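The letters A, B, C and D name the chains in turn, as written, and every chain counts its residues from 1.
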Amino acid sequence: MATKPTQDLDQKTLVIEDTESALNAPVRVKEAHPIIYPLSLPETEERKATPAVGQSASRPDARLHGLGQTKYIDDIKFPNMIYAKVLRSAKAHAKIISIDTSEAEAMPGVYATLTGKEIPTNTFGPTFQDQPVLSDTVVRHRGDGVAAVAAVSEQVAQEALKKIKVVYEDLPVILDPEEALKDEVLIHPPKSNIYTSKVIKKGDVEKGLAESDHIFTNRYKTQFQEHVPIEPHASIALWDGNGRVTLWSSLGRITLGREDMSRTLNLPQSKIRMIGTIVGGNFGGKNEITNEPILALLSKKTGRPVKCTYTREDEFVSSTIRHPFIMDFTTGVNKEGKILARKIKMILDGGAYCSWTGTTIGKGSILAAGPYNIDNLHVESYAVYTNKTTTGAMRGFGAPQVCFAYESQMDEIAKTLGIDPLEIRLRNAFREGSLSPTSQTLHSVVVEESLLQAAEAFGWNRS
Amino acid sequence: MKKTGKGIACMWYPIGFTVMANPSAATVKVNTDGTATLLTGTVETGQGALTVLGQIAAETLGIATDDVHVVSGDTDTTPMDTGAIASRTTYVTGNAIVRAAEAARQILFEAAAPLLNVKPDQLEARDKKIQVLGFPSRFLPISKVAQHAETNVGKPAIGSSSYNPPTVEMDPETGQGKPFNTYVYATQIAEVEVDDETGEVVVKRIVAVHDCGQPINPMLVEGQIQGGISMGVGYALQEEILFDSQGKQINPNLTNYIMPTSLDMPELDVQLVDNYDPTGPHGAKGVGEPTAVPTAAAIMNAIYDAVGVRITTLPATAEKVMTAILEKNAQEA
Amino acid sequence: MHMTPMTYEQPKSASEAVALMQECGNRAKFLGGGTDLIVDLKHKPGTVSVLVDITKIPELQGIEESSEGLRIGSAVTYTSIMKSPVCQKLIPAVCEASHTVGAVQTRSLGTIGGNLVTCVPSADSAPSLMVLESVVTIVGKDGERTIPIEDFFVGPRKTCLEPHEILVSILIPKKNLGKTSFFLKAGLRKGQALSLVNVASALNIVDGKISAPCIALGAVAPTPIRVLEAESFLEGKEASDENLKKASEMAVATAKPITDFRASLSYRKQLVKVMTYRTLKSCVDNQ
Amino acid sequence: MLVELKVNGEKRSADVPPETTLLKFLREYLDLTGAKLGCDVGDCGTCTVIVDGISVNSCIMLAAKANGSEVTTIEGLATTSELHPLQKSFEELGALQCGFCGTGMLMSAKQLLDENPDPTDFEIRDALAGNLCRCTGYTKIIEAIKDAAKNMRAA
């Protein structure tokens, strides 16, 4: 029996338009006073104080979070809204021979389907546009979308995905980045798998190593990490009668998101409105468009607002994750523990598409020497494609990886030389005016201050 | 037996994009009652950016945080912004806001100057007043000045501006150049307890001392650091996406992808280094990403201090630590 | 993720539930707290079309002490067990094990019977109930039967229950109420952890010698297991470190763990050794 | 099937398919969107609500199972003139960042303080272990709960 819940005029009680339910008419319990949209509450002192800077002012958005009133995308509902789901690749590397959506399209409750061929410009990406919105010729990792469905409910859309028939022809799967370096199987032919690299050279590293009293050589490796925003990616698209599309999106970068939309949809930017709602956690994972073009086109096809909320699995497999690094560090020091030379080679597992690898390899390479004065430095880094989840922007862009390496090796050096770990850092740390690995003069430098303040707070006794 | 150890790690981290332009624009409108509206194209992604940006505008205008309403995140109404990425919001968008607010404030100064019988550059905006530098008793309430500027002078106090951190291209052969305009620095020290029979690592305490230039909102800075550390603890000990031999993720869910819960987080002592960056908005730099940078390194060094094993691949799961302990014991025997 | 359409029944007695199950056959499934089943139905929609919610059946409720022992209804939640003063006093290891399951929300809904019926090798409530030699009562179309808890587990996710049968209650025999017992669990983190290995031990010390020792291991074999060899070894022995360590080595020999993405076989064996010793040692030290 | 609940003191009912979860019932049929969908399988706790005095993950509880129960959601915490002490402390002490875990976190905290007005640090952490947060490291959340507990005891 179908029922249609509506709100009565004062928005206080639910009315069920259904005779049987009407007998169980909603009863408002006077003493409880539950509220939906309260109140004007006093602001905290910090918000009212001048000067404003330095105040631990509370957040107006936090008040709404606490009341449960913040509208994240998934909380927004429009009349006649329908729901989209994206079918993910069943293969990590394969040619797509055919995609048949007819059976899904014929299902009751399904409004439309979409494949990559229907997307005006089916590529995107912040550095290289090497990623399809929906794969139409090749899938390069299991998170690639191959087709989308819009239906009356998520439940129906989910069932419809099962009716889409995709025929694949297997291609060799390359998972190991060191294997990928050999270029025996190309993931984006005819391009090499090594899709970006970076070199930093300062001084004469071989000379510096030759002059060193001790040389340390270590390899460090890191893993894939997921951002885990507690809010999964979500967006809603509404294509209107003027041919203008509005997107409500959990994207953290709407201006550039609009450029991506304009490019993929082949639509003037003036015809696109991106609204960034309150985002339930980003950490770098929500810095690129994902399914926004798909929803826009499904809305255009169906004349309805279309929403898609990622499942937690979508979040893991199809949004970006943190780059694993393989890092070879060779460091020469003198007897006092002063670093004379450091030679670094790094391989970044780039996953299936470039995404924000350019920034990651750049920051990773520049930062890899650590916050230390090193006259002789050579850093060489390569990013390679593999048939795994795309690695992209994530809190720190390569810095947590290289910090793990340079700080682990610092302790190795300290241990061998019998120097306290705090002391060896103080001996090498940047000072105001130090030259960075790119020979930039640094200002407002407080490495030493942070080391000493932390040691004091911790109660660090130098060994 | 449980063995304790301590480990230290320091780091540096840049603000903004690597060389590439990453501008922000902003518009500040002073209302006739002395409150203001800030338009920014960035998006609130949880870090408290909008509150901090509002504080920056308020500071330049000499008004309170609550006097500024922030409009954000709509390409139809808000100006260009590179977005919530690369720890750039406070610094880059903040600098754009300072400039926009200064432009609006200049209109107020010009409107107030004849009334106070001084030149515009002899005025300052403080405590909701436009006052004469060095003579704070000679002032007009900002509301009066804003009203005067709009209704008498006919020039509403609206300012727009943009900012992009100045950089110098890196040489393709040597990487030499100036990829960023500023950097932040930090140290974290971890204390761990390692069970030498199971390899289990419990992080007992982390002291984190970070630089963010002048903190605009110390409470929100602390919150960023605490959250970044939790991401670092997970990175150090638990979190890893695993793939099978066919490239399929094995653990794409929160049951089997192990991020820290409230029971896994250590006691935190978070502090800020006293600092001021003259290139930043009111001396501020940024803090978002660096908070997660040194944690894993500090924990690995603490494990080494506790049980003498060097973990060279993350994460240091109990099994990995135990395997290393058993290997060490075998070598020593 | 969405479940496919289904019907929902809420029988008022065990016999009504059994009758419903016979009527619906393999399309139907008993629903307890649902913390496992609802998740399964979201992952594999379409597998079940009738849910028979048994949590409102009075026979499946209650924690009662009698001359036979302590009876716990199968629909009693972990939270109720943890908070029950009787359980805290008489079967602390079961309370401890219940406390390590999931988090507050899971423990509020999840039932002890559900944990046993789901029958994953790592079920946290199994080892502590096993070392207290619990028996389970089952009702089916042919009436009631009572069996030792070890015999309840047949294989991974497979119990001895016939499709129409329902687990009604668990009885911890009188002689083992208050017996010193300890439970330990190793997981990949502290909160909401799934067991890599879990171990429970129980024993008495009589005239300075170990009496009635029981050791049970989880997550190291297709079902939770008892370590009978080590138990008979310890019987009547002095509670020396050497003997406890020897028993722990026997537990390692009995365990048949596998390697999966959570942990390797050899690491699980290391955990069995350490945790068996630690639970035994705690029993000895807390007599 | 007709499911009738007393939600935040108000009788609410709707006719829903039996496979409807309590979360879906609250969000889609009653427009109470304070409880969130984060993982859909009871791992993250964003959907936490209180049913007959116990906190549950509403994403894995059928609405049918809650039929006839009293349900408290985040929308039932504040009154027209006052925030709940927990909401006040969470806001003032910066415990809410992106806020997506916040409503579930507040419900778990409420459940804890309802039962235990003066919890220890461990008891608080234990009570929150089913609510994942990626922004705060839990630190300010724990501080806020202690602060609210203190204020509630003093009131």
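Heads up, the rule we're going with is that a residue touches a chain if its C-beta (ideal position, glycine included) is under 8 Å from a C-beta of that chain, and two chains touch if they have at least 3 such contacts.
Not measured: the values here are computed from a predicted model.
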Most centrally placed chain - per-chain CA mean versus overall CA mean: A
Have a look at A-D versus A-C and report the one with more C-beta pairs in contact. A-D
The distance between the C-alpha centres of chain A and chain C, rounded to whole Å, is 41
Distance between chain centroids, defined by C-alpha means - chain B, chain D (Å): 30
Provide the C-alpha centroid distance between chain B and chain C, rounded to the nearest whole angstrom. 48
In chain C, residues with contacts to at least two other chains: 1-2, 4, 103, 190-192
Residues within chain B bordering two or more other chains: 45-46, 48, 219-220, 228, 231, 253-255, 259-263
For chain A, residue numbers touching 2 or more other chains are 56, 58-59, 61, 228, 278-283, 311-312
For the protein chains shown, what form does their contact graph take: line, ring, star, complete or other? complete
So, in the complex, the side of chain C touching chain B is made of residues 103, 186, 188-192, 194, 261-264, 267, 270-271, 274-275
Seen from chain A, its contact residues with chain B in the complex are 43, 46-61, 91-93, 141-142, 173, 175, 198-202, 218-226, 228, 251-256, 258, 269, 272-284, 286-287, 312-313, 316-317, 321, 358-359, 362-363, 365-367, 370-371, 379, 387-389, 393, 395-397, 399-400, 403-404, 406-408, 411-412, 415, 421-422, 425, 429-430, 436-440, 442-447, 449-451, 453-455, 457-458, 460
Residues of chain C that touch chain A when the two form their complex: 1-2, 4, 45
Residue set of chain D touching chain C in the complex reads 1, 17-19, 21, 40-43, 45, 48, 54-57, 60-62, 64-65, 108, 111-112, 125-127, 129-131
Can you tell me which positions in chain A touch chain C when the two form their complex? 153-155, 158-159, 311
